[in-house]
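Shared between the two complexes below is chain A, which has chain B as its partner in the first and chain C in the second.
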Partner chain A sequence: MFRSRTSALAPALALALAALSVQGQDTKKEIEKYQKMIADSSPVELYELQGEALWKKKQGPKGASLEACDLGRGPGVVKGAYARLPRYFPDTDRVMDLEARLLHCMTSLQGRTREEATKRVFGDDDNPSEMEYLSAYVAGESRGVAVSPGTRHPKEKASYELGRTLFFYRAGAWDFSCASCHGEEGKRIRMQELPVLSTPAGARAVVATWPAYRVSNSQFKTMQWRINDCYRQMRMPEPNFVSDATIAVNMFLVATGKGEPYRGPGTKR
Partner chain B sequence: MHTTLTITLGLAAAAATPLTCAEPSDQQTLGVLQRDFHARGQATMDRVVQDGLQRICTLSGDQPPAEVAKALEADQMRTIVFPSGSLMGEWKRGEAIAQSGRGSMWNDQTGAAAGGSCYNCHQLSPQEQSHGTLAPSLLGFGNKRGNGPQVQQYVYGKIYNAKAYNLCSQMPRLGHAGTLTEQQIKDLVALLLDPASPVNK
Partner chain C sequence: MADPMKVRATLKGDIADIRVLMNHPMETGQRKDGGGKIVPMHFIQNLEVKVNGKAVVEGQISQAVSRNPVFSFRVKGVKAGDKVEVSWLDNKGDTNKTETALA
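== the complex of A and B ==
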């Protein structure tokens, strides 16, 4: 069912994309048009459905599903869990974001090796990643819940402070920090608008809509991917998947945008 | 070198005034980066270590004290290798370099020709409407500023090492970083200054 609906969408998508690439100026209008067009059969919903199926699928040496996974609200509770991440988890003694927690459940509940479970953390044109489907499902179960990451545990505070430090840390071949591109109102790289991410006004709309479906490449993307791809543009080395550094940067963004009702997974350029 | 060190330490001490107790020290931050990143392609791990300029700009929130900025801009000026002879290349090649956003990323092929990402941040020729706004428009640059030897030298230097003129500029040091070659920078000088370039039409 998933596949057939995707392919039914494909012509509309191709059309929208062709329109997008013609004239950068009209990008915004085109995205709005596209968003209307997909309102009835949102691809986001398809990712959510596929993610739910994966969540319930028995996998790994232990032949277990992820249904007993504790995302912070108790084993098996998915409703409202995503909006409360990142947070401190006593069982791992770490601050974790969604992808970190999913990986933890894959290894602990399903008995999969870390190596196997992280083989494809980011998808591509032909093949989305398991992480992307699962993120869509879990995030979708937080719609309407106020974004409220953990802020009380000392490790949560340390993660926030580290994230803030990394956000302003200028390094790499081109001397960029995150703030180089996300530090001033109303700026663009080519036609892509750059939200200011270090102020509540800018961060709220962003953290309320990730993970997100990207129209430009017809892929569903996670926040771990977003951070990874911005470090690529910064000419930095690659951050390790769900490392403390990436979780801290995410924590800084989410804590800066906290209070906003979650309304994702979103649709982006 | 010596001035850099003293200034760095002074600023570090000022920045150490605790905002909250959880703020990581410089050593801790570097430790995290060295543990949590890995080299990929040409993006090697030395890139997580800040040089003096990156450190001062980070510590001062890109607002270094004027005398510090002046001293360090002079240091940056000394990194620029000005070729002898004309600095004007070919604007047509310059336009292609300005268009390309490739270069120095982990997925760029090592040794392959890079671009300058100029259009990512600047407006240049009126024909290209898909340009960024992170930086001032350079439309009509040569018309406004002339194209004599001094202006050529300034533009060459600015592209080679933007920080020699503005210490905490958001513009990358494209020659200093090894992204662009001498010939490529000359071609960009022509793009900005040649009267026949679309920038000046």
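== the complex of A and C ==
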């Protein structure tokens, strides 16, 4: 009696489970379809064009453009430069990501003050920031180039270690770490998956597509903004722009996802 | 109007696939800014696509279209080297124009 009841129940349960997993797959497929649609003819190209114009525009007390800026591949070389960041720069004796380097060029080449150049690093939908335009242009020039940050110099290694520590470091009012959201497979918030960023599989897709354009608010977002906003979401104090800590988190992420051909700037929901 | 506009035209046989990406705020006139004041309407009203100077698409669009819109058209009976010109006019009288050759 007992036996026949369980055997009758088992197929029903198996069916229910199968239906659940099919539904899960469908949702994922639909989300992927949606992501493909928004990536098609994304306004990213417009940001790249404006970033290029800004790169060549003479500005600051020295009336210079950024065209002589050394992004790690020599002065003025933009092609493939973004895919090799963050890395150690001997002239400043520190590990720098794209925005840190851009800021360095603005202050050194153009003679601008740090205060003036960082007054508005994150723009809004009506007025994108200089950093956002420039990031779009420089990153776009690395399409197809494999992501390979600096990993040999002792300071690069230290930056990676610091980034990994910060990734798992729980703090703040909610006792959150990056890993609280990005530490478990198969999680998402609404339409956005939460990749496990401490694994190559999770990090690869992210480092290959940031910086990115956000369709939901018509804004171009940089990596420094992404990290800054994650800290806001974790209810932590706002990190300083291009601080060693935010560069380290970026370094940890990029080094974890290295090898992936860059295909950004991406388009996000 | 220094804002860029991007046209991508691909030719397949005698049919061209034209894709236009334009920079425009496309304000509906319904949105309020941070201070609670209404942001005035600002949107593209007319859109025109010409092939070798001959109008092939004349469109009237409105606030319903998103910021930085993308349009895609198919034009028949064209060949490589044909000039495609895309222009728009917005409700403030601003215009923008770009030209590309089919390849």
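Note that the second predicted complex is superposed on the first by the 226 of 269 C-alpha atoms of A that agree within 3 Å, B and C clash if a C-alpha of one lies under 4 Å from a C-alpha of the other, contacts with A are read in each partner's own complex, and residues count from 1 in each chain.
Here, a residue touches a chain if its C-beta (ideal position, glycine included) is under 8 Å from a C-beta of that chain, and two chains touch if they have at least 3 such contacts.
Nothing here was measured: the structure is a model prediction, and the numbers come from that model.
J.: Using the superposition on chain A, decide if chain B and chain C clash or fit.
T.: By the criteria stated at the top, chain C and chain B fit after superposition, with no clash.
J.: Please indicate which partner A:A245 is in contact with in the superposed arrangement: first for chain B, second for chain C, both, or neither.
T.: First partner only, chain B.
J.: Which of the two partners, first being chain B and second being chain C, lies in contact with A:G202: first, second, both, or neither?
T.: Touch partners of A:G202: none, neither chain B nor chain C.
J.: Please work out whether A:D125 is in contact with chain B alone, chain C alone, both, or neither, and reply first, second, both or neither.
T.: Second partner only, chain C.
J.: Please indicate which partner A:S177 is in contact with in the superposed arrangement: first for chain B, second for chain C, both, or neither.
T.: first
J.: Name the contact category of A:P154: first (chain B only), second (chain C only), both, or neither.
T.: A:P154 contacts chain B only, not chain C.
J.: By the touch definition at the top of the document, which applies to A:Q50: first (chain B), second (chain C), both, or neither?
T.: Touch status of A:Q50: second partner only.
J.: Going by the touch definition up top, name the partner, chain B or chain C, that contacts more of chain A.
T.: Of the two chains, more chain A residues are contacted by B.
J.: Look across chain B and chain C in the superposition and give the shortest C-alpha distance you find, in Å.
T.: 15
J.: For chain A, what residues appear in both contact lists, the one with chain B and the one with chain C?
T.: Dual-contact residues (chain A): none.
J.: Could you pull out which chain A residues touch chain B in their complex?
T.: Touching chain B from chain A are residues 23-25, 154, 157-158, 160-162, 165-166, 168-177, 180-181, 184, 186-191, 194, 231-233, 235-240, 243-246, 248.
J.: Within the complex, which stretch of chain C touches chain A?
T.: 2-6, 8, 19, 21-23, 25, 66-68, 70, 72
J.: Which bits of chain A are touching chain C when the two form their complex?
T.: Residue positions touching the partner: 41, 43, 45-46, 49-50, 53, 125-126, 218.
J.: Residues of chain B touching chain A in their complex?
T.: 20, 22-24, 28-29, 32-33, 35-40, 43-45, 47-50, 53-54, 57-58, 61, 101, 104-107, 119-121, 129-134, 163, 170, 172-173, 177-179
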